[in-house]
Amino acid sequence: MKKIVVGIMGPGNASPLEVQTARELGRCIASQGWILLTGGCNSGVMTAANQGAKEAGGLTLGILPDRDDRHLCPHVDIAIVTDMGSARNNINVLSSDVVVACGMGPGTASEIALALKAGKFVILLHLSRAGQEFFAQLAPEKAIAVDTPAAAVDRIREILANGNPK
Amino acid sequence: MKKIVVGIMGPGNASPLEVQTARELGRCIASQGWILLTGGCNSGVMTAANQGAKEAGGLTLGILPDRDDRHLCPHVDIAIVTDMGSARNNINVLSSDVVVACGMGPGTASEIALALKAGKFVILLHLSRAGQEFFAQLAPEKAIAVDTPAAAVDRIREILANGNPK
Amino acid sequence: MKKIVVGIMGPGNASPLEVQTARELGRCIASQGWILLTGGCNSGVMTAANQGAKEAGGLTLGILPDRDDRHLCPHVDIAIVTDMGSARNNINVLSSDVVVACGMGPGTASEIALALKAGKFVILLHLSRAGQEFFAQLAPEKAIAVDTPAAAVDRIREILANGNPK
Amino acid sequence: MKKIVVGIMGPGNASPLEVQTARELGRCIASQGWILLTGGCNSGVMTAANQGAKEAGGLTLGILPDRDDRHLCPHVDIAIVTDMGSARNNINVLSSDVVVACGMGPGTASEIALALKAGKFVILLHLSRAGQEFFAQLAPEKAIAVDTPAAAVDRIREILANGNPK
């Protein structure tokens, strides 16, 4: 039976607060028994999320943009090597039952937009007011801003249970 | 010698004003001797831009998401069939010397973000205030809001001449 | 630490003998502690390999060509949803430490060729004499025909140990 | 109205005879008013085919595997930048109304196989006896070996006229 996969998207160049949140998110996701999916590279939000998930005994999946695993985060268990650059962002979101964005950058913005295009729910953390407003305009029922990893996990549980947040 | 390609991105579900702007943009781009690139489907901004370009005697290129050309806009001269869904959005922007976004939706947002990720300039038309602010936060020097097709063409000319807008 | 992934490629429309071999291959691969990667669909060699791997308590990874998991083999634990059609064949081989082909069809042939293009070793089972000769012409040191799942596993072990078969 | 696109696939590392054939094929295709599609790189069969097509006044399309156009053949008019490595081979064949393979290598073999998978006709030149036999086993009605560029063009015309060769 297919396991549940939760994707954490976020910038390689992340602030200390975003890194801390990503690590906590990784821990929470693994604690729920969900597989963690990230872009797989060894930087910023990706590294922190994978580190957190492994601390909680989880399984980690990295979808790499490169043609080999030279930039692979050491906390990733299973590497998917795409050699597709940023086009792999679409695979990240299509393969995630729910997408969480932690922090912001052009790559992360593309993942949120691609997830919304595919009809996925996206949980948003550390997003500017303009960003929140913009994504709410794009998909008011699918883009969900929260303040903490615990709130993110609550929302993911609702989405997985109902296919729809309260 | 490689020809100049300008991409127009925009929603399939577009307002009458966005359609009118896209058609005028297509005419302007073709009048400059530039090739028009779109997502190739027969709806909204894509259809209008291709129609405008053909009215001005231009050459039109459509990068299709499907596995065949059943949704191809009839004003497209050359169809690239990707069978990659929204991952083809990255090809749209990488293949465009300059990207123009006309109107907004999740797919268009992903194209703007992917273009900024790749270091491309993006000219923005019919974008909400929140959207303008959001993309300015992402890439203040690359995301350029304008009001008219004529202003868009002026900016494209500057970018092609200098690699950098004034 | 990244786990070892072995890919089994083969036709959805497979003969009973190919199905039997694929199931035995899946069992052998899982018994070694390697993760099994397939194209993820519920047919032929893919189903049989995943079934065998689960019988031996393994972990199974399916790289789907579709935009959702509607054709997913029920013996797949983790689904990667690519929405890329046959272009996902390149991901199949790039993500596999060693590729095994069991049986033949146009999709399988493309996977062997893409693996050889990427410099990967490919173990070949149930391949016609013309096929063996053709791939030996393409890459004499990388295309390795064997007769049994046990021989395939021996060769995979050699490749993983030495980066080069005897 | 969509123009007819004929793809020439072949190795970057080609023999003088393959290069000569590719150049003549490019000339023949352009003389028919068909657009030439290649993998776009500046080597072997790709360069020769594009050179031939430009000599005959044709329009040339290059589908690049890289993230920019640094390896672009100078005889290519329109560059599609995919950043997808060998996965772009699937786009090459899906975008071609008919595929011609001139010479052989792992990349070319993958393109023939992907074309046959997609139900396309493939005209084969300079293919070994084992290769001819192998592809005839894969798709006897779709893989068509010929000896000269002129014979290739005759077959392409038949395919375009009937959707089926004699």
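Chains here go by letter, A, B, C and D, matching the order in which they are written, and residues are numbered from 1 within each.
Heads up, the rule we're going with is that a contact is a pair of C-beta atoms (placed from the backbone, for glycine too) under 8 Å apart; a residue touches a chain by one contact, two chains touch by 3 or more.
Here the structure is a predicted model, which means the values were calculated and not measured.
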Distance-maximising chain from subunit A - centres being C-alpha averages: D
Equivalent-chain rotation between subunit C and subunit B, CA atoms, steps of 5 degrees: 180
Of C-D and A-D, pair with higher C-beta contact tally: C-D
Intercentroid distance (Cα basis), subunit D paired with subunit A, Å: 40
Inter-centroid spacing, subunit D versus subunit C (mean Cα positions, whole Å): 28
Where subunit B touches two or more other chains, by residue: 67, 82-87, 90-91, 118
Subunit A to subunit B touching residues, read off their complex: 84-91, 104-107, 109-110, 112-114, 116-118, 128, 130-131, 133-134, 137-139
Contacting residues of subunit D [partner subunit A, same complex]: 67, 83-87
Complex contacts: residues of subunit B adjacent to subunit D: 1-3, 5, 35, 61, 63, 67-69, 72, 74, 76-84, 90-91, 94-95, 118
